[in-house]
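First the structure, which I've put down as C-alpha cells, then a few questions once you've had a look.
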C-alpha cells in the first residue's frame, strides 16, 4: 500500500471518528433536547461518511474494489433527517421545554390535541 | 408538472437506475451475471411494488437534480464544520430559535427533499410541515404551508428564510417543474 | 381425520417391521450420524408413536364433532402437534429433540387457547412462561453437553461420555441434570408440576386428550437419555438421575392422589390422575432396570389412553349438566346417564387400576418391577395407598356427578355419535390391552431390552460413520 | 374346559338380562337364570370326581411375564363355595323377580348380579393368585354397583362408597400380600404356593405378609375393626343383602382364610391375629345385633357375629375347628339368606323394617312367619336345625384350644356370652315381629307375598331342617371334600351326629338358650343402658371423616399450589441451581487450561455498555418504554459481540430479530399499562435477587468452564465438507440448510405455528384502546407524517433489493433466507408504520397465513424432492452451469429450501405484526376501558 | 476475555431471571428476551471464542466452530416465535382478565381496588 | 501506523458510545433517550466498519448496513409509539 494512501485512509478515519465523537459530545453537552438533536443528526452523518470513505479506500487498495460502503452513507443521508423529524415531532408532542432564550417558541403550533381522538 | 410515467413497464425510470446501481454496489462487480440480474431486478422490483408508491411529480430536469445533489453534499460538509464549532464552543453564545419558512412547494416529494436538505445543512433541523396534511380535507384548496425548523444558532431570521428559499426551494421547483 | 387414520396404519406396519428386524435409522439429508440428524425407530419409540397416532385419531374424531369450529386452525395445529410429538419420539439427535419439543410446545400453546375463555388464557400464561424457562434450560444444557462432548447425536454422546476425561465429568453431570429438569418439567414431576392441573383442566376436551401424551414425552426423554447417554457405560455418571427421580416420582404420586381426592371439579381431578400416572412412571424410570422400563412402557400406553378418554368423558358430562358443568356438586341429571355412566365407570376402573381393565395389568407390572427390597416397601406402599385414594376420589366424583341429582330436568346436548365413537375408541384400548396382555407385555419387555442394549444401537447407528462424508 | 364354562356361563349371563330386558319381568328373570342353572348342572356333574378327593384343573397361558395365567381349580372347597354361589344365586334371582318393583331397572340389576356371581365364582375357582385377586376386586366393584342400586338414596350411595373404600383398601393389601407370596415362592400358581407352606412361613417377611393378607380377608368379611361397613351396605335391595352380605361375598374373606389355611396358618401370629379378631367380632356383632330396630340391621350385625365365629374357628388352628368352620359356612349361608329374604318379604309386604312398628305379623303372614321362625331358630342354635350342629362343634373347639395359655378359659366363656346374645336377638326377631301385639303405623296392611317369592325361602329353610336332622347324609361328602382341600388331606375324625351325649358343649348351648331368653325378657334395662352410650353412626362419621380428609387435602393442595407463577418459577429455578450447581461444587477449578484471549479497551467498552444496559433494564423495568430502550442497547451489544467473535450470521439475525421483537413489544405495550405499579415487597425482591444471582453464577461459571476447556467436536466435518458436500462456503448456512436442514425445517415450522397461534389469539379479542399514554397525554392528532411516508416509499425497493442480495449470498457469505425474510418483513412493516393498515391493504391484500403455508410447503417439497432421486429426505443437490454470456452459475436445492424459509419468515412476521396492528384499526375509536 | 464474556452471560442471566420473576407480564417478556440473549451467547460460547475466524471458507486460516452458530440461529428463530406468542398472549390475557398480572389476578394487597392506568 | 489510527478511532467511537449511553441513562425525557439510542445505533455502524478494517475482512459490511436500516425503523417505531400509541394503525 502506498504511503500517501495510508495517510489518506488515516485522515478519513480520523475525520470520521472526530465527527462521530463531536456528535455524541453534542448529544451530551447541549442544554435542551432541540439543541442536542443537531449534533447526532449532522455530525454523526458526516462522521460516518468519513469512516466509510476510509473503509472504501482501505478495501479498494488491499483487495478488490470495495465501494458498497457508499450504500450505508446514502442510506444514512436519506434516513437521518427523517429520524430527526420524527424525534422532534415527538418532543413537540411531549411539550419538551426549550431553554428560555430560544426564540420563536410561539411558532410552535398549539397542542394538536382534542380530548378524544375521533378522527376515524 | 406531471405524475405519470412514459412507459408502463418502466413506471419509475430513476428509481430503476438507482436500483441497478445499488445492485452493482452491493455486489461490487460489473460481471455479466450481476449486470444481468441488476437489470432484471431493477425492472422487476419497481413493477412489483408499484402500488406501494403514491403518485409523485416526475423529475423533469435531471441535470439540475444532479447539481442540486452535489451542492447539498458540499453544504453538508460545511454545515458539519459549523455545527462542530458550535457544539464545542461555549454554550452561552448559542441562540437557538424556531423559525417558520413559508413553502411554495406543494407536493410530498419535493417538500420531503427540501425538509431533508434543511435538516442536513447549516444549523437547522426540520421539525414539522404545517398544517398537517391530514387536516386538509380532500377537495379543499391547499392552504399556505410552512416548514417549522429549529435553528441551533440564529443570527437573522429573514436571511435564513431567504437563503433556504433561494438556495434549495427554488432549484427544487425547477427540478420538478412546479411548485 | 383420514390422515390420522392413514398414519396409524403406517406406524403400526413400521412397528411390526421394527419389532421383527430390529432398530431402523434414517439419515436425513443423507448425512450419517453423528454429523447429520438421524431418526431412530426402535420398538420403544415406535410403540409410543403408535400410541400417539391411536390417541390422535380418537381425539380428532372427538374434535371433529363441533369443537374444531370454535376457533381457527384446529386441524392444522393438531397435526403439527402430533408431528412434534412423533418427531420427539423418533429423533436420534439431542438438539433436534429440542426443536421438536418446541414444535409440539408451540402447537400446544396454540391448541390450549383453542375456543377461548378466561381460564384458558390464564392457564396459558403460566404454561407458556414455564415452558419457555424450560426451553432456556434445555438450551443451556445442550450447550454444556456440546461444549464438553463435542457432538449432538444421542448415541454418539453415549460413546463420548464413556471416555470422558475426569476433569469434564462434573460439567457433563451438570448438563445432564439440567436435562432432567427440562424433561421433568415437561413430564410434570413435583416440584415442576404446577402448570399441569390448570392447563389440562382448562383445555378443550380433544386437546386435553391429546395432551395426555405430552407428559409422556418427558418420561420418554428421561428414559432415553438416562439409559443411553448416562447408561451402563457412563461410568461415574451412570444412573445419576435416579437419586432425584425416585423421591420426586413418589412425591408426585402422592400429590396427584391428594389432588384427586380434593378436586372440586372433574377435569381437575382427571388432571391430577395424570399426575399420578406421571409420578408412577418417573418412579419406574428411576428404578433403571429393564423390567421397570417395560412396566413403564405398558403403563404409559394404558394411562395415556385412559386419561385421554376421561378428559373426553368429562367434557360430555360437563355439556349435559347445565350450569353445574363438571363441578363436583349436585346438579342436573345428565341426558344420557346410562351411556355416560358406563363410560365413566369403565374409564374410572381402568385408571384406578381395578381389574379387569388394563390398569390392573399395568399396576401388577409396576409392582412386580420393583425388585429391590428397600425400594419395594416404599413404592408399594405409595402406589397402593394412592390407588386407594384414587378409588375413593373417583367413587365420590362419580356418585356426585351421576347420582346427586337436583334441580331441573335433564337438558343439554346429547353426545354426538362421533364423540361417543371417539371415547369408545380410546376406551376400547383398555380391554384390548388386557386381552392381548401376553404379547403386549412381551413387546414392552422387548422394547426395554432393546433400549438397554446400547451397544447394538451404537453399532447400527454409528457403524456407518466410518464412511464419513458419503456425499451424493 | 368344563371348568371354564362354569365361569364363563355366568359371565355370558351378564349380557342376557340386558338383551332380554325388553321382555316381561318374568322372562327376564327366567332368561337370566338359565346361565347359572347350566353352570350349576355342570358343577354338579363334577361332584363325583371332586368328592373322591381329586382336584380338577384347567390352564390357559395368559401373561407369562407377570405370572398371571388363567388357572381354574375345582377342589372340595371350591366346590362347596361354587355350590353356594350358584345355588343361592338362583334362588335370589327368583326372589328378586318379585322383590324388585316396576320402577327398578331389572336388567341392570340382574346384570350386576350376574357380574357379581361371576366374580365370586372366579375367586373360588382361581388357581392363580393374581387371577384370584382380579376377581376379588371385581366383587368389590360389582357389590358397589349393587349396593348403590337405589342411587337416589343418599345412604345407598354412601354405603356403597364406604363398602368400596374399605374392601378396596383390603384388596390392595391383599394384592401386596399375594405379590410377596409370589416373590417368595417364585410362582403365583396356587398349587405351588400351597406346596411351599414352610418356605412362606419361615420367610422373614411372613409377618408383614400375613398382616396384609388378613387385612384383605378381614375387610371383606367385616371382621372387627372393619365391620362397620356391612350394616351400612344394607341400603342395598334385600336380594343383594341376602346374597352378598350373608351368603357369599362376606364369605370371600373366610374363603381365603380357608384357602390359604394350609400355607399360612400354623404359626403363633396366625392364631393370635385370627382368633382375637374373630372373637372380638363375634362378641361385638352379637351384642349390637340385639339393639338394632331395623330388621336388616339386626341381621347384618348377626352376620358380623357369625363371620366372627367362623374366623375364630379358623384361628384356633385345630383341624376340627377348621371343619367346624366350613360346616358353619354352609349353615350360616342357608339360614341367613332365608332370614334376609324373609325380612325382605316383610318389608315388601308391610312397607317397613322397623321392629318398633312391626308387631304381630303372624296373623297376616303365617307361612312366612313360620319360615322365618325356623330360620331364626337355626340362627340361635336350636337343636334339630343346622345351626345347632355347627355351634356345638364350635363350643367343643373353644374348649379344646390353648390359644391364650392359662387364660384360655376366657374363650369358651366369651363364646357362651356371644351365644346368649345370639339367642336373644333371634328371639327378638321372632317375638318382636310376629307377636308382641299389633302393628303400629304401617303404611299398608301386611299380607303373604306372591307364591313364588316365598319359594326360595322355603327351599332354604327346608335345607336348614334337613341338614339339621340328617347332617351326614345331606352334606357329609361335601364337607369332607372341602375339609380335604383345606386341611391338605389330613382330615380329622369328626362326627356329624345330632346327639353327642351330655357334655360341656351341650351345657353351653343350654346356657345360651336360657340366657338368651332371659336377656330378651329383661331387654328393657339393657336397652336403656345402651341408650346412655353415645350413638356411633359409622356411616356419617366415615363420610365426615372422608370429607374432612378431602378438605384437609384441598387446603394442603391449595397451600402448595397457590396459583402463583412466581412460586412455580422459583421452584424451577431452584431446581436448576441445585441440579446444575451441585456438580460444580465438586469441580476443583473452573479454569480448564485454555489460554484466555486478551481484553482490549473496545471490548471493555462494549461489555460495559452491555452490562449497564442490562442493569438499566432491570432498574427501570417499571417504566416500560424506558426499559424497552435499554434492552435495545443490550440486543445491539449482543449483536456486536457476535460480530466481534466471528459470527456475522448471528449478528445479522440477532439484529433483525431484535428490532422486530422491539416493535412487537411496543405494539403490545399499547394495550398494556405503560408503568408497572410497585408491588413486590422488599423481602420478595431480596428473594428474587438471590435466586437470580444464584442462577447467574451457575450459568456464568459453566460458561467460563466450557470456554476454557479444550475439546474435540464434529464440526471439523462440516468445515471440510461444506463446499464439497453442501456446495457453499458459508459453513453456518450450509449447516442450516443442509447438514442440519431438518432443524431448520422444524424451526420455521415453529415460526409458522406461532403465527397461526397468534392469529387465533387475536380473533375476537375484546380489545380496549387507551386514549392517552402513560402520562395521561392524549395521542397526537396526525396519524402519518408526510416526510416519513414519502421516504419510506422510496426505501421499500431499496430494502427489497438488499434482502434479495442477502438471500442469494447466504450460501456462500453471511446472509440467507431467514435474515432476508426479516429485512423484507421490516421494510413492509415500515410501510405499515408510515401509512397504516388500510393503505397497505389497498395495495397488497394477501392472507399471510397462506404465505406461511406456501413457505412451509416449498421447504417441505424441496426436502421431499430428494425422494424422487432415491435419496433420503432433505438430501441436498447442487451443480454449476455454464450459461453463455453470464458465465458460471451455481444452482442448489438449498436455495429452494432457503426460499421456503424466506417466505415463511416474511409471512409469519407480517401475520403477527400486521394482524396485531389491524386489531386497533378496526376498533377505533373505542376508548373506555370496559374490563 | 473469557472471564469477561462469562461474566456478561452470567449477568444477563441474572437480569433476565430477576425480570422473569416479576409479577407482571411485561417485565416477564423483557426478562425472557434478556434470558434469550444469555442463552444465545452461552450456546455460542460453547464453541469457544474465536477472533478473526468467521466460518466462511477461504476467508481465514482458522475458523470458529460453525455448529454452535447454527444452533444459536435456530434458537434465535424459535425464541423469536415463542416471544411473539407470549407477547400476544399477554395482550390477550390483559383483554380477557382485565389486568396484566401473570396470575390473572392482582395480589390480595390491592386486589380490592381495580388497577388504574 | 494505520493500526494505531484504527485503534485511536476505536477509542473515539467507544467514548462516543459511552457518551450516548450516558445520555440514554440520564434522559431526562423519552425523546432524549430515543435520540441517544439512535445515535448509538449509528455509532455502532462505525464500530463494526472499524472491526472490518481491523480484521481486513469485508464480511461485516452487511451487519453495518442492517444496523443502519433497522436502527432507523426502530427509532421511527418508538417515535410513532410515543406519538400515537399505536404503531400500526
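Just so it is clear, A, B, C, D, E and F label the chains in written order, and each chain counts residues from 1 on its own.
Here is the rule we use: a contact is a pair of C-beta atoms (placed from the backbone, for glycine too) under 8 Å apart; a residue touches a chain by one contact, two chains touch by 3 or more.
In UniProt terms the chains read A = Na+/H+ antiporter subunit G; B = Na+/H+ antiporter subunit E; C = Monovalent cation/H+ antiporter subunit D; D = Monovalent cation/H+ antiporter subunit A; E = Na+/H+ antiporter subunit C; F = K+/H+ antiporter subunit F.
Because the structure is a prediction, the values reported are computed rather than measured.
Hey, what chains does chain C share as contacts with chain F?
Touches both chain C and chain F: D, E.
Give me the step distance from chain B to chain E, shortest route via touching chains only.
2
Chains in contact with chain A and with chain F: which ones?
Of all the chains present, those in contact with both chain A and chain F are D.
Would you mind telling me which chain pair, C-E or E-F, is linked by more contacting C-beta pairs?
Looking at C-E and E-F side by side, C-E shows more C-beta contacts.
By CA centroid distance, what chain is farthest from chain B?
Computed centres place D farthest from chain B.
Which chain's C-alpha centroid is most distant from that of chain F?
Measuring from the centre of chain F, the most distant chain centre belongs to D.
Chain B to chain F: how many Å between their CA centres?
24
Distance from the CA centroid of chain A to that of chain D, rounded to the nearest Å?
Roughly 69 Å, centre to centre.
In whole angstrom, how far does the Cα centroid of chain A sit from the Cα centroid of chain C?
58
Could you work out how far the Cα centre of chain C sits from that of chain D, in whole Å?
16
Touching two or more other chains, which residues of chain A qualify?
18, 23, 25, 37, 45, 66, 68, 71, 75, 78-82, 85-86, 88-89, 93-94, 112, 119
Quick one: which residues in chain F touch 2 or more of the other chains?
Residues 17, 30, 34, 59, 65, 69, 76, 80, 82-83 of chain F touch two or more partner chains.
Could you list which residues of chain C touch at least two other chains?
95, 99, 102, 106, 109-110, 113, 116, 125-126, 129, 133, 140, 143-144, 146-147, 152
Per the touch rule above, enumerate the chain pairs that touch, sorted by label.
Pairs flagged as touching, ordered by label: A-B, A-D, A-F, B-D, C-D, C-E, D-E, D-F, E-F.
Considering only the defined contacts, which chain A positions touch chain B in the complex?
Checking each residue of chain A against chain B gives 18-19, 22-23, 25-26, 29-32, 34-35, 37-39, 41-43, 45-46, 64-68, 70-71, 77-78, 80-82, 84-85, 88-89, 92, 98-99, 101-105, 107-109, 112, 119.
Mind listing the chain B positions that touch chain D in their complex?
15, 18-19, 22-23, 26-27, 31-33, 36, 41, 45-46, 48-49, 51-54, 56, 108-109, 111-112, 115-116, 126, 129, 132-135
Which residues of chain D touch chain A in their complex?
So the residues of chain D in touch with chain A come to 771, 777-783, 785, 787-788, 791, 794-795, 798, 921, 924-925, 927.
Inside the complex, what are the residues of chain D that reach chain B?
For this pair, the touching residues of chain D are 781-784, 786-787, 789-791, 793-794, 796-798, 800-802, 804-805, 831, 840, 842-844, 885-887, 889.
Provide the residue numbers of chain D that touch chain E in the complex, in ascending order.
The touching residues are 563-566, 569-570, 573, 594, 596-599, 603-604, 607, 610-611, 614-615, 617-618, 621-622, 624, 627-628, 631, 634-635, 638, 641-642, 644-650, 653-654, 657, 660-661, 664-665, 667-669, 671-674, 676-677, 679-680, 688-689, 691-693, 695-697, 699-704, 706-708, 711, 713-715, 718-719, 722-723, 729-732, 735-736, 739-740, 743-744, 746-748, 750-751, 753-755, 757-758, 761-762, 765-768, 770, 774, 812-814, 818, 908, 912, 916, 929, 931.
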